[in-house]
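The following blocks contain the structures, represented as C-alpha cells.
Both complexes shown next keep chain A, but they swap its partner, so chain B is in the first and chain C is in the second.
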Partner chain A sequence: MSSFRKNALLSLGLLGFASFLCAQTSPDYGEIHGNVGIDAQYYLDDPAINTQPVPDIFRANSFLNLVYTRGNFRAGLRYEAYMPKPLLGFPVAFEGHGIPFRYAGYTLGRLDITAGNFYEQFGNGLILRSYEERALGFDNALDGVRLKYQPVDGLRLIGFIARQRFYWQFSPGNIKGFDAELTLREFLPKVDWKKWNLIVGGSFVSRYQSGQEIPNPDNPANLLEIPLNVGGFSGRMNLGYGGFQLNAEYAYKINDPNALNKFIYKPGTAAYVSAAYSTKGLGISLQAKRVENFDFRSDRNAQGNDLLLNFIPMLNKQHTYALPASIYPYAVQANSELGWQADVNFTTPKWLNKKYATTVNLNFSMVSALDTTPTGDRYGYTSSAFDFGKRYYMDANIEVQQPLGKKTKLSLMYMYLWQNQRLVQGQGTTEDNLIAAHIAVVDATWKVAKKHTLRFEVQHLATPALQNPLNSLVNGSWAMGLVEYNFNPLFFASVMNQWSYGNPDEKKQIHYPTAMVGVTLKTTRIAIGYGRQREGIICIGGVCRQVPASNGLTFSLMSSF
Partner chain B sequence: MRIMYLSFLFLLSTLFTSLLVAQKQYALPTADVQDLKGQTVSTSTFTNGGKPMVVSFWATWCKPCIAELSAIHEEYETWAEETGVKLVAISIDDQRNVAKVAPFVNGRGWNYEVYCDPNGNFKRAMSVNTVPHTFLVDGQGNIVWQHNAYNPGDEAHLFELIEKLSKGKSLESK
Partner chain C sequence: MKYAAFLVLGGLFLILPSCDIIEDPDGPPAPNVPFCTDTPSFQPRVNPEIKLLLEDYTGHRCGNCPLAASKLHELQVAHPGQVVGLAVHAQAAGYFTAPKTGTAFTHDFRNEVSNTLDAFFQVAATGLPKGVVNRKRVNGAYDLPISTWGQIVQQELNASQMADLQVKTLWDSSTSSLCAFVFIEHLSGTLPDSLMLSVYLAENSFVNWQADYSVPGEEIEFYEHNHVLRASLGPIWGKAVQLNGTSAVLSFSKSFSGATWVMSNCSVVAVLQNGLSREVIQAEEVAAIP
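Now for the complex of A and B:
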C-alpha cells in the first residue's frame, strides 16, 4: 500500500473513531472533545526584507487533539502534520506527520496512573517542566509511566520514568523523577492555622544517558570521563500569612558536562525567591533569582530549544505590544544569571476618581551575568554569590489604563529598555552591542455603536542608530500603527504597519504592512492575512524562536469542541 | 499534489469532526490547579450549589482577557444578586508570572475565585487553544456554552445566557 493511501486511511480512521464516539449520546459511552488548528502560509519572494527562496512555497502546520473520558478512565491523542514542510522558522525536524502524543490514564481513589505521554512540572520548574508551546513549535512531552498518589490528606507524591519527545523520535536520555509535596493545612486539619499557610516540597530528577567518546578539550589525546547518571535535587516552600506570600526554591545538579557549558565538571545551582503582598486595590511583588550552570536537558549534546528538562522562569515583564515584545526581547541565560524584579499594581480609590478608576502597573527588572573567575581547568570557573557580572538586560515600565467614559478606554505605556545584545542574543561579534531605547504605546478602544468597536494602537521605539549594526534590519528607531475593527461577536479586520524609519541605511527603512480579516464562530476562529513578517525573535513564555523574514498570504483556523 | 490533497483531507475531516461535536454539552473535566496560596485543588471541587458558573481562561499578559474580566467586574455584584452566578478565573500564566497573579487580581479589586494553571493541566483538559476562552457551566456541572475571544459588549450576551440558565430556560429560547 502506498504511504499516501496509508495516510489517507489514517486520517479517515481518526475521523471515524471521533465520529463514532461523538455519535454516542448515552453517558455510558463516555465523552469526547478536543481541538484542532491549522496554520498555513503561501510564501512570496521579497528581496527588500531578505526573504530566503523556499522550495515549498505553500506550507502548513496542523494538529488535532482528541480527549476521551469515561468515568475515571481517560485517553487521548494528538495528530500533527507539518506538510509539505513546517512553516518557516519552525524546526525542520518536524517535517512529516503522525501521532507523537497519545496516552491512557485511570484514577483509582487516591492513585492516578498515566501510561504514554504526559506533561509535568515539579515546583517552580527549576529541575523539571515538560510542556507544549505550540506557537513556537516547542514540545518536550514525556513518554513513559507516571504514578500520582495521595497516601494521606495533604501529602502528594508523583513518580515517573520516561523519555522525552524529540520531534518524531525520543531523547537518548532516560528520565526518572520523583516529587513530594506536603500541604500542612490539609495534613494537620485539627491545628488552628489562623491566617497561616505552609506548603513544603522536594523533588529529584535524574537522567541516564549512555557514554560517548568526547575528547578532552584541554588534552585532545585523552577522552573526558562522562557521568552516565546526572541527578538534580530541589527543595521548596510556600509560606502565606493573610495577604503575604513567600515562595522559595533551591535546586542543585551534580556535575553535568554538556555541550552548552563546554563540558565542564562544575555542579549547577539555581535559587528562586518571590515575595508578594496584596490587598483590595493594591498588589506588590518582588522576585529574585540566581542561576549558575543550570541548563538541564535529556541529552548532554542538545542545544537550542531541544530536549529541555527544566524551566528557568524569566524575571522581566511579559510584554505583548509588538515593539516592546519583539524588537529587543530577552532570552533566559540558564548558565549564568543574577536578577531581580519588582512589580506594583494599584487601582485609584473611589474618593479620588469616582466614576472611572485608573489602573496602574509599575514594573522594573534587571538581569546580569554572574561575576565569575575562570579556574583554568575542567572545573570551569568560580563565582561570587551575590555580585553582579556584566549586565544583560534592564526594563523599567509603567502602564496606565483609564476608561474615559462608557464607550472609550485608553491604555498608555512607557518603557525604558537596556540590553547587551551580544550577550542576550549571542550574535557573533566580540564587542558588546549596547542598546538603550525609549518605547511609548497608546492603545485606545472606542465602542462606536452596539456591536461595533474600533481599536487603535500607536507605538514608537526611539533608539540611536548604531555605527556597527549587528542586525541591520533592526537598527535605529521604529514606529508602528494599528487599526482594528470588530463586529461582535462574529467578524474582525485589522491593518497594521511597522516602519524602521530610523535605520541609517536608507534602503533598510522598510514598511512591514499586514492586513488581516477573520471570523469567530463560538469557539472556531478563522483568519486570513496578507503582508510582511519582520525577521526577528518571537518569545512566548520564556522560550524564543528565530523567525526569518517572510512575505505572503497566511491562513489560520483554530477550533475547540 | 498528494500532500496538498492530504492536507485538504485533514482540514476537511477536522472541520467535520468539530462541527459534529460543537453543539454537545459535556461535564467539566477533572484536573489539578493551584489556588492563590499555591495549594493544589482539583477542579472536581468546582461547584456553585446548583447555580450557573462561568469558567474564564485568562492570563496577566492577555489584553482582551483583562478587558473582559474588568468589564464583568463592573457588573459582577448585580449579576450575582440576580442569578447567583459565580465566576471562576483560570490564569494560564506560567511560572514566570504565577507569583504576580494574586497582586494583579487584588490590585484590580476583582472578586472572582481565581486559580493558576501554570503547566496547562486544566487548559488541555478543556481543549483551550487561546485565551480568552469563556465557558458557561450549568447547575449540574455541564458545559453548556463556550466562546473564544472578547470584544467590548460581549459580556451583555453572556449575561443574557446566564439569566436564561438561572431561570431554567433553554439557551436557544428568546
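Now for the complex of A and C:
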C-alpha cells in the first residue's frame, strides 16, 4: 500500500472514531468532546528555491483531542501522528504516532487533583510555563501529579511533581513546583476596595537531575561540582485601579551550569514590569524586562526549543502581516536581554471624524544584550543593572485603520526594523550582520454584497542595497500582494505572491505564489492550497523554528465536536 | 474537611523544591584511574590535516552492508588518515542488527552508544546500509546512500580546517582501564559557542558472521568487522570544551573490566562537534593501546 493511501486511511479512521464517540454522548454517562486536526502536504521538487528532497512525498501532522467529563470527574487524551515523517520544518524527533498526552482528574470541593499530563503556568511564566504551540511543533507538557487547593476564598495553592514531555520520551530531570496566589479582593471581602484590586503571588520550581562528569575547565584534574537540585523562585504582583494596571514579577534562579551558559555558576535573574492604562478610546502600555542567565530547562544539556521550563515574554509587537512577521522576526535571548516597549492605541474623537472613527496604533520596542564584563572564573561575568550592551532588535511601527464608508475599510502600516541577525538568529559567523528595513502595508477590505467581501493586501519591504553578508534567500527587498474573497461564513479563496525582487543575486529573485480555497461547515474547516513556501523562521511569542523552502499541495482540516 | 485541608497543605509543602547552592564549583577529582592523572604534553602539529567522521550504519544480517564497509575502506585508502570510520549497529535497524538464536548470528553488536546516536540521527530505520558524514544533513537528510559518500567526503575534506585534535592513550591491563587525553587546538574561523568532545572506542578485526548477498550462500563465517562502535569513554554527546586561549586538553577514562572485545584491536576515536547541531568539526583516531 502506498504511503499516501496509508495516510488517507488513517485520517479517515481518525474522523470516523471521533464521529462515533460524538454519537455516543449521553447525559447519563457524561459527555465527550474533542477536536481533530490534520495538516498535510504533498511535496514537489523545486530546485529554484532549493527544496529538500522528500522521498515519502506526502506527510501529515494529525491529532485528535478527546475530553470526557462527568460531574466532577474528567479525563482526556490526545493522539498524535506524524507520518510517515513530520512536515518539513517540524522536529524530526516527532516521527511516529501515539498518545503522548493523557490525564484524569477530579474536583472535590476546594481540591482539584490531576494525574497524568497537564499544562501549567506560574505568573508570567518566568520560572514555569508549560504549553503547547502546535504551529511551532512545541509541546513541553508536564506528566505527573498536580494538586490545586483553595483553602479559603482568594487564596489558591498549586503543587506538582512531574517530568516533561520530550517528543515521545521524558525529560531526564524531575520537576517540582509550588505556587501561591492571593487575590485580596476575595480574601478580604469586607474591605471596601473601591476601584482597587491587588493580586500577589509567589512560586518555586526545582529540577532534580542526576549528575554527570564535566571536567572543570579551570582545573582539568577535577570535575565540576554539579548541582543536582536547581531551584528558581519568583514573586509577583498585579495592582489595578480603575483603568490602570501594574504587573511586575521578579525571578531568581540559583547556580544552574548548563550547556547554553557554558556551565557557569552565576545565578540567574529576570525582572518584568508592565504598566497599562486604558479608557474609552485610549490604551497605553509600557513594558520593560531585564533577563540574565535565565534559560531554565528540565535537562542541563538541552538546547534549541527542547525541554524549556520557563518562558521569557517577548516585548515586541507580534506582527500578523506576512512580511513584518516572518522576514526578520525576533527570537527571545533568555540568557541576556534588556529591553522595553511602548504601545499606544487610540481612536479619534467624534468631533474630529464624526462618521467613522480612525484607530491608530503606535508601537516601539528595543531589545539589547546586557553590558557584561568577563570575570575569568566559573561565575562567567558581571553585568551592570541598566546599561545596554549590543543591540539585538528595534521595531518602530504605526498602524492606522480607517473605515471609508459602510462597505470599505482601509488599514495602513509602516514599520522600521533593525536587527543584528547574527546575535538574534545565529546567522553569520564572525561579524555582526546588521539588517535595517522599511516595511509598508496597505490592506483594504470591500464588502461587495451582503456576506461577500473582497480583501486586498500590498506589502513592501525595502532594505539597503548592501548588507553583510548577502547570503540568504531573505536578503534584499521584497514585495507582496494578496487578494482574498470571503463568502461568510461558508467559503473563502485567496491568491498571494511574495517576490524577492531586490535580492542582488538574480537567481534568488524568486516569486512565491500560493493559492488557497476553503470551506467552513458548522464546526469543520477544510482548506486546500498550492504554492511555494519560502525558507525562513516562524516565531510565536519569541519562540522560533526554522522553516525550509517547500513547494506543493497543502491540505488542512480542523473540526470540533 | 478541615483535616483534609491540613493534609493537602502538608502534601504541598512536602513537594516544596530544594536547591543545591554550590559554594565552590571545583568538585571532586576527576574519576581517572591513578595512571590517568598526569596530563602529557602536546605540541601543535606543523601540518595539521582536516579529518572527517564517516559513520557507517550497518548490521551483521544486512547482506548489502559489506558493500558499505568496502566503500569506507576505499575512501580511507584514497584519503590516507583523513577518514575516520565508525560502524554503528543500531537497534532501530531491527532484523539487520538483531541477533537470532538458533542461527550463526548470535553476537550482539548493538549497544547504548549506537542506539543513542541513531535515536538522534534517525538513520537505521530508513534501511541499511546508510552513512552519515560529519553528522551533517545533506539536502535535508543525515542518511546518505553509499553512492554519495565519495562526493560528500571530498566536499568535506575541501573545507577549511577549524580545529585539530591529538589523542594520547594509556592502558592499564591490571585494571582493564583505558585513559585518553585529547588536545584540542583552534586553528581558524569561529568555533561554535557550544563545543563538545566525544571519545568512543571502536573494535577492528573482529571476526564473526556476516550476511553478504554477493557471495554464494549469502553468508560469510569469517568476516572481518572493522570500526565496530563498542563504547563511549565519557558522555555519548561529549564533554563541554572550554578553550584556554586557543587550546585545551580533556581527559577521558573508563574501566572495561569484563568487556569481551580485544583491546589490542581497538582504536580510540575522538570527535569534536558543535553541541547544538552535532555537526563534526574534526575527528581523530589512534590505537587504544599505544
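Everything below uses one rule, namely that the second predicted complex is superposed on the first by the 523 of 561 C-alpha atoms of A that agree within 3 Å, B and C clash if a C-alpha of one lies under 4 Å from a C-alpha of the other, contacts with A are read in each partner's own complex, and residues count from 1 in each chain.
Keep this in mind: contacts are C-beta pairs under 8 Å (C-beta built on N, C-alpha and C of every residue); 3 or more make two chains touch, one makes a residue touch a chain.
Quick caveat: nothing in here was measured; it's all calculated off a predicted structure.
Undergrad: Classify the contacts of A:Lys508 with the two partner chains as first (chain B alone), second (chain C alone), both, or neither.
TA: Once the two structures are laid over each other on A, A:Lys508 reaches no partner at all.
Undergrad: Which partner, chain B or chain C, is in contact with more residues of chain A?
TA: The partner with more contacted residues on chain A is B.
Undergrad: Mind working out whether A:Ile38 is in touch with chain B, chain C, both or neither, as first, second, both or neither?
TA: In the superposition, A:Ile38 touches chain B alone.
Undergrad: Just chain B (first), just chain C (second), both, or neither: which does A:Arg70 touch?
TA: neither
Undergrad: Using the touch definition from the top, say if A:Leu157 reaches chain B (first), chain C (second), both or neither.
TA: So A:Leu157 only meets chain C here.
Undergrad: Please work out whether A:Ile284 is in contact with chain B alone, chain C alone, both, or neither, and reply first, second, both or neither.
TA: Only chain B; A:Ile284 stays clear of chain C.
Undergrad: Return the residues of chain A at which the contacts from chain B and from chain C coincide.
TA: Common interface on chain A, chain B vs chain C: nothing in common.
Undergrad: Tell me, which parts of chain B touch chain A in their complex?
TA: 2-4, 6-7, 9-11, 13-18, 20-22, 24, 26-27, 29-30, 36-40, 60-63, 67, 70, 94-97, 99-100, 102-109, 118-121, 124-130, 133, 146-149, 151-154, 157
Undergrad: Using the touch definition up top, name the residues of chain C that touch chain A in the complex.
TA: Result: residues 1, 4-5, 8-9, 11-13, 15-22, 24-31, 37, 39, 120, 122, 139-141, 189-190, 193-194, 234-235, 237, 239-240, 242, 244, 248-251, 275-276 of chain C touch chain A.
Undergrad: Would you mind writing out the residues of chain A in touch with chain B in their complex?
TA: 4, 7-8, 11-12, 14-15, 18-19, 22-23, 31-38, 40, 58, 60, 62, 64-65, 67, 69, 81, 83-84, 107, 119-121, 124-125, 129, 131-132, 156, 181, 183, 185-186, 197, 199, 238, 240, 243, 245, 247, 274, 276-285, 287, 311, 313-315, 318-320, 343-347, 359, 361, 409, 411, 443, 445, 447, 450-451, 453, 486, 488-489, 492, 520, 522-525, 541-542, 557-561
Undergrad: In their shared complex, at which residues does chain A touch chain C?
TA: My answer: residues 52-54, 88, 92-93, 95, 109-111, 147, 149, 151, 157, 159-161, 176-178, 204-206, 208, 212-231, 254-255, 257, 259-260, 262-263, 265, 301, 303-304, 378, 429-430, 548.
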